[in-house]
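Read from first to last, the chains carry the letters A, B, C and D; within each, the first residue is number 1.
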Amino acid sequence: MPGSRVNSDLWITEYISPYDIYQHGVVDILVYRKTAFQEMCIVETGTFGKALVLDGKWQSCTGDEFLYHEPLVHPACLNHGAPRTVLVLGGGEGATVREVLKWKSVEKVVMVDIDGEVVEACKQYLPEMHQGAFDDPRTEVVIGDALDYLDKAASAWDIIISDLSDPIEQGPSFKLFTKEYFEKCRRALRSEGYFVVQAGALAPPEMELHVRLVNTVGAVFPNVVSYSSQVPSYASPWGFALGSAAPLDRRPDPAAIDALLESETTGDFRMFDGTTLLGLMCVPKHIRSAIAAETKVYTLAEPPKFFGQGVAE
Amino acid sequence: MPGSRVNSDLWITEYISPYDIYQHGVVDILVYRKTAFQEMCIVETGTFGKALVLDGKWQSCTGDEFLYHEPLVHPACLNHGAPRTVLVLGGGEGATVREVLKWKSVEKVVMVDIDGEVVEACKQYLPEMHQGAFDDPRTEVVIGDALDYLDKAASAWDIIISDLSDPIEQGPSFKLFTKEYFEKCRRALRSEGYFVVQAGALAPPEMELHVRLVNTVGAVFPNVVSYSSQVPSYASPWGFALGSAAPLDRRPDPAAIDALLESETTGDFRMFDGTTLLGLMCVPKHIRSAIAAETKVYTLAEPPKFFGQGVAE
Amino acid sequence: MPGSRVNSDLWITEYISPYDIYQHGVVDILVYRKTAFQEMCIVETGTFGKALVLDGKWQSCTGDEFLYHEPLVHPACLNHGAPRTVLVLGGGEGATVREVLKWKSVEKVVMVDIDGEVVEACKQYLPEMHQGAFDDPRTEVVIGDALDYLDKAASAWDIIISDLSDPIEQGPSFKLFTKEYFEKCRRALRSEGYFVVQAGALAPPEMELHVRLVNTVGAVFPNVVSYSSQVPSYASPWGFALGSAAPLDRRPDPAAIDALLESETTGDFRMFDGTTLLGLMCVPKHIRSAIAAETKVYTLAEPPKFFGQGVAE
Amino acid sequence: MPGSRVNSDLWITEYISPYDIYQHGVVDILVYRKTAFQEMCIVETGTFGKALVLDGKWQSCTGDEFLYHEPLVHPACLNHGAPRTVLVLGGGEGATVREVLKWKSVEKVVMVDIDGEVVEACKQYLPEMHQGAFDDPRTEVVIGDALDYLDKAASAWDIIISDLSDPIEQGPSFKLFTKEYFEKCRRALRSEGYFVVQAGALAPPEMELHVRLVNTVGAVFPNVVSYSSQVPSYASPWGFALGSAAPLDRRPDPAAIDALLESETTGDFRMFDGTTLLGLMCVPKHIRSAIAAETKVYTLAEPPKFFGQGVAE
């Protein structure tokens, strides 16, 4: 029988579905505790570097987080061209803010995260992620509920980025993957603003969350585009939905994008450039077909139920 | 603490690295035995359908094999335009041949697989994979060693597709991921022919195999291109290397591709079309950079050592 | 970090509790299917030989089943001295009957098992377990419900052995771990007869099932004794409860037992003799204390709920 | 298919053999680091309380350590009757010393452990284990090598207890499971002294370590006895070997033992009393037979090789 070596006796285990388990050998534990909202774990893995895990769901790791955070931020910013104000909902690691701050035009980025303990732990233990983003004078961190913040927000944002943990039952986020929430986001945007949301896995057996989220964003914004990035530590490719009342560039020209990044950002991208963006936008046919066929939207009455279970009361 | 449901008591477990384990709950066992060359297992999983596993390495599954086999076959065929003769090395499931036969121009496809027991088991238990490809009059199956077959082959092939199991130690395939083998493939091609090889995972911590394979193909063929597809059951995105003495279209025009597919194939693609192909070709920047920086090639003296261990003597 | 070797890619996994998982590497699959009553799996493991697993719960394996079946059968028979009629409820593997047949006095043993498919599979694939017991002229196998059988049974049995799978929810057995069932058993016994039931694990964190079962047997029979055996593949020591209206020898004399076994049985015991029996009866103090303190009994209205979940409708 | 609940996303995983894995869900991490000698981990598990794990091998846990430490200490002390000086080799948790100190006759107990970091971590994080034993004026802790200590020790000990981690390759302990080491222990004992060593698992497929250790103790001491205790978190029953030039009581009288414990100790035993001791001594027949048949002894030239691998240089 085939033999293998295993090099750890402590495994962080993600239950992706009732039939799929992804385990990563741990070489160091940095934090493991229950916050007021969720179970938080920061571990050093043998292969993927340091990882943040909330309620048993892998959030991001230093080994490949750039494959998630660069695609999350830059397509919206590029479509806008010169964003000045950016609102990040969630995003505890600080890596989303880090990418936003690469845009020279940005004057202000506010990050609203419900869990101050997670933000503090990321500040302390994940400097590779935030890279000082929390100390930038343009950054403001608000510990609070994204819905409350949006209710009070003026229509002042060029970009809103919804970088929330997956909508598991009893987790803190499932209400924020609904039409009602997306409508609040639209109201908080300037008329030419862009909204992007991390929007689930893209494995053929479990594309419903992504497909329906794209449809839900499309029910709120005149224009919507689905795109995806390959994030190995998520096991599946990961989807995003970008919506706006302004036009969306669905087939970007790589040379033009490279020129825009050169002039408008401080650069230092690991995976992102014009060719990469073109690739992100060319999602395979089976995903495009599934989106075209989708008719349902997520609402507060019928929110998504992602596999997993949180610990919140 | 976060709770999850698990719905199986039998798990097929892929040891991806000494620190990464991907487990899939099994709902039925179709075959589990040692052949003359390797351990073979065909299982029905809860999420990903039926899967073929050789020497503990996941080969493909009915749930997402189209994300591997369509990209393996069609870029080479499209670059050629009208292939008549196609040689498939490996490819036991019959799905590679299935895709080749979609090309109306194809007159003959020979599949050379070392393990007749695997081929027979796939014929019997994986009809969703081969879909009758073994019965097509244009198909010829040769049970034998790919190297031996290439030694005797005339330069008669428009396309050669190397669809071999990963180069694990003591597995049957590691010699077939070397410059010497690729040179035999080039000699067996017509001068305008194309060679494509499945070329490893693309996770940032373990891109060496892909990067060096692309470099090795590039040491044999004047033109080489790396591209990748998102195959969730492989956990990582998967890479391919396409080489030729003829030109390669690195930035295909989706509309022109769609027209070519319409006229030259029988269609019925699940993930493939012009837009998909464009996306496959736009690999992210960090991969392109790693390939550009690579200087080593794999040889029989220094073959790849993929994580895992076979059972061959 | 400490490294280990693992020699399998297929693991039979027992979820002992929500926090404890015991996995065994599989080297061959003999049977894996859903019967009318439960999921049945017979595997060959790397360490423990062939194992029968029902509804995800390990029943017994050729590697150490003698540590379960010899203690299940012989204490009751020894207390009786010369049993002629023995009723086995459950016991699909045939190993319980095998042990019963070692008693020269036995004229008739009836085994009642609800799942004929399990019995047939054990006959075919586990000859090491039954060792021909099903072919002995004294053996009668009844496929049916133990409760129904007991309702019709005359008070004709010297020994009744309840060798049922654990009382998981939706499994076929949980009603058979109640006072009502034990009362039926008592009615079916001759007045000097003995009743023994396999009675759960004895790990300090999860002794409730055993302790309460002993109390439940004690609510039905004037005399009851708890004893335990070390069965490594069960992870925990395993408990039994022996009840009777006749006296029970709680501190057996090894030499006298050895003499009785010599004269009354055909011998060929692997773990059992007088010294072993004395050891089985001397359960540690913490278990005796817990039994002495227990006040509840299991009833049909309040049956046990063992961790696990079956597939019966 | 059978479903189960799992309540953790972090699992401490013991590789018991290449085919057997025991996993425990972790609810808190207290310590996880590499010392100068081994990898050390103290976790809080969901079922078994706090556990100490060294080089991936489970040492003991608050949930059932009394089932190991009480049987390790008291049979030797009872055979002696009134020990005054006790030497503990290993025993980092302090639980062995805790049990020794229950004997009123004890004037001095020295514990020699090679790894001061483990001892300090146990002092701080496992008060349930040592229960103040380190602060008792009769206790002396020596951080150093057991072999060195024995070389310098006068023949002054009534009892020597070898409570070392299992003899894995590259671990710190394998030399201490040999005839040469046991001879040093005998020289350090008073002539009527007793030596006891934790002596491995007792699962039928892997009894060699225990059986040969008993034989090795028997090659050094005129009298030797094997006994075992059921420790669920070890998966298998656990064996001990007790040797002496003085007589050994192989069939203790429970009432006499209870009287001796009452008069000579401070009591407060969880699992231990006269009946328990009698049960410990009555090991099943298959183990006695295997010991009787064993002819080899472990020596420095041929030491045991327990499954597992340490991290020491």
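Methods note: contacts are C-beta pairs under 8 Å (C-beta built on N, C-alpha and C of every residue); 3 or more make two chains touch, one makes a residue touch a chain.
Keep in mind the model is a prediction, meaning the values are calculated, not measured.
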For chain B and chain C, chains touching each: A, D
Between the pairs A-D and C-D, the one where more C-beta pairs touch: C-D
Centre-to-centre distance between chain D and chain C (centres being mean Cα positions), rounded to whole Å: 31
Distance from chain D to chain A - Cα centre to Cα centre, in angstrom: 51
Set of chain B residues in contact with two or more other chains: 1-9, 11, 15, 18, 23, 25, 27, 39, 46, 56
Touch list for chain C against partner chain A, complex: 1-9, 25, 27, 46
Residue ranges of chain B in contact with chain C within the complex: 3, 6, 8-15, 18, 23, 26, 28-29, 32-33, 39, 41, 43, 53, 56
Parts of chain D lying in touch with chain C, wherever the complex brings them together: 1-8, 11, 15, 17-25, 27, 34, 39, 45-48, 55-57, 63-64, 66-67, 201-206, 228-230, 232-233, 235-237, 254, 269-273, 275-276, 278-286, 288, 307-311
